[in-house]
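Take a look at the structures below.
What follows is a pair of complexes built around chain A, which joins chain B in one and chain C in the other.
After this line comes the complex of A and B, so read on.
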């Protein structure tokens, strides 16, 4: 019994332990690792991925998947860049609106047309990518620097980066919804067994609908931050974001079969993948080794492999322990 | 209160249109293809020329080759996201070998033979690795192949340091440029692979086992099928197909860019398989369907481009077609 409990704790908090260990490693090894500048720029840059991963986490918990988030973020960045001359609010509204629209299409295809989430969101991915290119006229769209729009990505809330603050708020809301509302419990119930949930009287289609719309909206918001942070709406950015987000969710310990998961450990998964890259940069700066930026994806892949293998072992043990 | 009438209406509608949907789902892709060709014959200038045929076939054949391996993987209920990255690895490795960057080989023919064998085998071995993760550790295929999707392109980039490798080696490039009997070599390769795989899936024990595993894994295991071996084999085959496709792409381009070779190929191949009528949940698969699916998607794109629709808009239409095709097939089953 004790051993089973230990295994469960490692399964749940493993990613947090790994994150703490990696941060400790960086702190001991590099002088400026925990410097104010490094931490803040790390948070600023990874806030986009955090938002996308949050939406993905909810979708995956229902047993679905959303492949469209990357190109929806690109679409959102173009829409918000086009609206940026009119100010912060129109910029935000355009980006999030574009994301919500794409999410609505996903939701309709999955719940009304009963398409498999993989195929439905694959189609939306291509459609969003095409729409982004059409809207942008096949080039990057510069944002307006006069309207204050760039504050969303580049500004600070006192000294804390605004995009990171947005991500923190989003995760707080996500955590509250998942743990303290009926919708949150329904999300997990659907992932655990959709037919059983429906027979129990849960409105499964409505919950799934919400989840895909939310994922689209969060991807759109990530697009706004992308445009604002780098000063341009980028129709071809976002390639591979969906798989990065899936990796972060998996590293965070959420099973792809749905039915279980946690918002906090997803955030830890995003940070873990982000910090790995940061550590690599510092290591290069030390001069002992020199690894090109191309190593980052190799290392991320290896890391994902280790996590997945550990998870496979843990879940099997957990099953045996029951 | 709307529940009851709606379900009656639905049942009525299904009863009346069942045959239509059944017909559409079985021959829908073929009908779409015929309609597209007819449309083009009527409206697109210079459509009925050998050149048009060649352009479309050469563009589609790497997708078809990858889609063949993907069909087998999907037939077992799996999926392979790593194919694009494996194309990049094989595309990066081959020029390094035949240009003598790894080992100086005297004869160019020998060097090319070594390059082709080694790079395709490496892709096949990495495919086996995918299968090993799926079969041995029971990791979900999406996650297991995500590992090489992320790491694979990185490996190719690290091998070449991200640099473009350009070459002009006819002894190698015949695979993408030569035209025996006026047919591009890669089209012949594609035809052979499609025929072999279609035969294997329909007529061999291995093919039966693939479908059995996809249809009901537990039952297959109890019936004495070595489920793990079947799974490892299909991922290995998918790797081989991807490796070969990588060689064709770099031969056509006379260059290899690890950042670009095979980028997005996994999704193109999956779309072709889905449009072709293979069940994504496994158990039912058609290789010829995947060929038709790839041809349809390609011809839609060509039709739009040839009639002045921008590429970006063609993407949107392509998305609509994928969704519509899969939806139509589902109506038949549901």
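After this line comes the complex of A and C, so read on.
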């Protein structure tokens, strides 16, 4: 029993310990690691991934997966860039709307057509990617600088980056929904046993429908931030975002099979991965090693593999202890 | 929740002429079930009699094809377990249908969460969970994941959940199968409380003694039909069992199977013996011997522990008590591989799930377990494989277009033969057959039965489990009757008849006289 508890605690809070250790390492090794500029640009950049990971977190907790988030974000960035001349609100609405539409398709395919989430969202991934290229005419779409649209990605709230503030608010809402609403608890129950949940009288399809729509909407919002931050809608961005999001969720201690997870530690997972790549950049900057972007990809891949392997072992032990 | 006045209480549930087909095959043909307010109603029947389907129709899990359901006098039609729950029908399923990763509180309160300012009120929910569990004299940390607790506690949590919905009707599908005696006592006292509050209970169980202890009425189902409804105190155990199995106790028929007469002189020395085997609640005390060339039959109701005992013998599960010997030496299998090495084979009851690989060919299925023996340096020896496969197709009369036909395309009887051949190819000394003729048409059934007898004539020891009474009585040389995990009676073939076996299944003793209910 106590052993089970210990394993559970490590599974849940291990990411926080690792995060603290990594920050300490960076602080000791690099002069400007904890500089105001580095911290704020880190938060600004990773806010997009945080939003995508939040949606992914809910989907994974139901025992599903959403592979389409990266290309949906790309589609959202294009849609919002096209709408940006009309102002902030139309830009936001276009990006989020495109995301919600993709999420709606995923939700329908999974709950109505009973497709496996892996297959359904893989199809949406392709379709969204194609739509983004079509919409953008096969090139990046510059955003309007006059309408104030760029404030979403580049602006500050006092001195705090606006996209990071959006992510924080989204995580607060997500945490509230997960821990203090019936829908949130149903998300976890479905992941822990879908048939059992249905027999318990939960409306499983409705809850699953909601998480896929939410994941799409959040990916769309991430796309808006992408366009606003870099000044252009980018139809070919978003490749590999789904892997980053899945990794962040898993690093955060959420079971890849669903049924157990946390929103807060998912955020910690995003930060851990974000800081890790930041550290790799610093290493490059120090000149000790020279890592091309390709090598960074390889290192990221290996890191994710290690994390997933560790979690699989931990999960097995945890389920055995149950 | 008012107490009904004296005299018969009003009908709470009235299900009539319910029909349900799955892929054209009738699961319910003409099923009826009437339950009065404040009544504990037993629903019994063999495997496949339609009890679970009837319950799932009532709770909206399946939709009925025809028939009428009245609940509290009103037509009742729900499309989901959720609607059934809201309308006052709660169900505790046979397998505990809860979510082990989530906390006890969540498992009890999911679907009717308590809120404060629109958000979940965890304190109130924990208190509610503790209050409900205290009725069962269970004090546990409701914040911990359900999976950390033992099966009995989980079962109690399932019951607490059902009761928490202030149900008018609680359905319990074999609620006691995972409880020990003390816990069963606690459950019964809860049932009595519910009854006193005017709540009705549908109680599905295979343990006859329990039914007499707690139930008022009984509905007996067989082959998707309701065959009898009676007051519990007006029907004897023997009558109950006979109605479930569809046997007329008075009439003993002629030969109904193809086993035929056996020359038992060739049955030799004891090859395998088990003494006092036990494992959990399912197997409590089982002893039997099996001789070379003998067919030993296990008879018993569902849940009597027949398959569970076979799994212990085959090393699929480990016994917690008792001894086994094989050919005079102590035998402690840790895994099926040990049993196979000792010369055993096991044709499981679940042919599709555990036996054949439907997409593979006859030849591949047949030699699956033999691969190491017919390979040379890891490469399959084609000619040896063909030789073995062709021999068994011929000897067992497997009807197929050839060794390369996919097993999926064969009939149930021929699939069973392929499975038998797979074990026979290993040259076993002892073969366990769990329901060898289930789901097989009559003609093929006879062939399988003749085949079993021929194998025994050749010196194979056969342990045969069957729910078909005539198969055991006519096919076995020696019958062991199991009841609630205990081997209660051993009958020699000459001395066995239906009445004796039925009596042992019902009362736990073969003495047909002096038995009381």
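One rule holds in what follows: the second predicted complex is superposed on the first by the 314 of 322 C-alpha atoms of A that agree within 3 Å, B and C clash if a C-alpha of one lies under 4 Å from a C-alpha of the other, contacts with A are read in each partner's own complex, and residues count from 1 in each chain.
The definition used in the following text is that a contact is a pair of C-beta atoms (placed from the backbone, for glycine too) under 8 Å apart; a residue touches a chain by one contact, two chains touch by 3 or more.
Keep in mind the model is a prediction, meaning the values are calculated, not measured.
Colleague: Determine, for the superposed arrangement built on chain A, whether chain B and chain C clash or fit.
Modeller: fit
Colleague: Please work out whether A:292 is in contact with chain B alone, chain C alone, both, or neither, and reply first, second, both or neither.
Modeller: It touches chain B, and chain C stays clear.
Colleague: Is A:182 contacted by the first partner chain B, the second partner chain C, both or neither?
Modeller: second
Colleague: Could you say whether A:130 touches chain B, chain C, both of them, or neither, answering first, second, both or neither?
Modeller: Touch partner of A:130: chain B, not chain C.
Colleague: Should A:302 be classified as contacting the first partner (chain B), the second (chain C), both, or neither?
Modeller: first
Colleague: I want to verify the contact counts: of chain B and chain C, which reaches more residues of chain A?
Modeller: Residues of chain A touched, chain B against chain C: more for B.
Colleague: Is A:28 contacted by the first partner chain B, the second partner chain C, both or neither?
Modeller: Once the two structures are laid over each other on A, A:28 reaches no partner at all.
Colleague: Does the superposition put A:199 against chain B (first), chain C (second), both, or neither?
Modeller: Once the two structures are laid over each other on A, A:199 reaches chain C alone.
Colleague: Where does A:122 make contact in the superposed view: on chain B (first), on chain C (second), on both, or on neither?
Modeller: A:122 sits against chain B, while chain C stays out of touch.
Colleague: Closest Cα approach between chain B and chain C after superposing, in Å?
Modeller: Least C-alpha distance after superposition: 5 Å.
Colleague: State which residues of chain A lie in both footprints, the one left by chain B and the one left by chain C.
Modeller: none
Colleague: Under the stated contact criterion, what part of chain A meets chain B in this complex?
Modeller: Counting only chain A, the residues touching chain B are 65, 67, 109, 113-116, 118-120, 122-127, 129-134, 138, 239, 243-244, 246-247, 250, 256-257, 292, 294-302, 304-305, 308-309, 312-313, 316.
Colleague: List the residues on chain C that touch chain A in their complex, please.
Modeller: 61, 80-82, 84-86, 91, 93, 97-102, 106-107, 110-111, 113, 119-120, 122, 145, 147-148, 161
Colleague: Per the contact definition, I'd like the list of chain B residues that touch chain A in the complex.
Modeller: Going through chain B, the ones touching chain A are 79, 81, 133, 137-140, 142-144, 146-155, 157-158, 161-162, 263-264, 267, 270-271, 274, 280-281, 310-316, 318-320, 322-323, 326-327, 330, 334.
Colleague: Touching residues of chain A toward chain C in the complex: what are they?
Modeller: Answer in residue numbers: 1, 4, 8, 176, 179-182, 185-186, 188-189, 191-193, 195-203, 255, 259-260, 319, 321-322.
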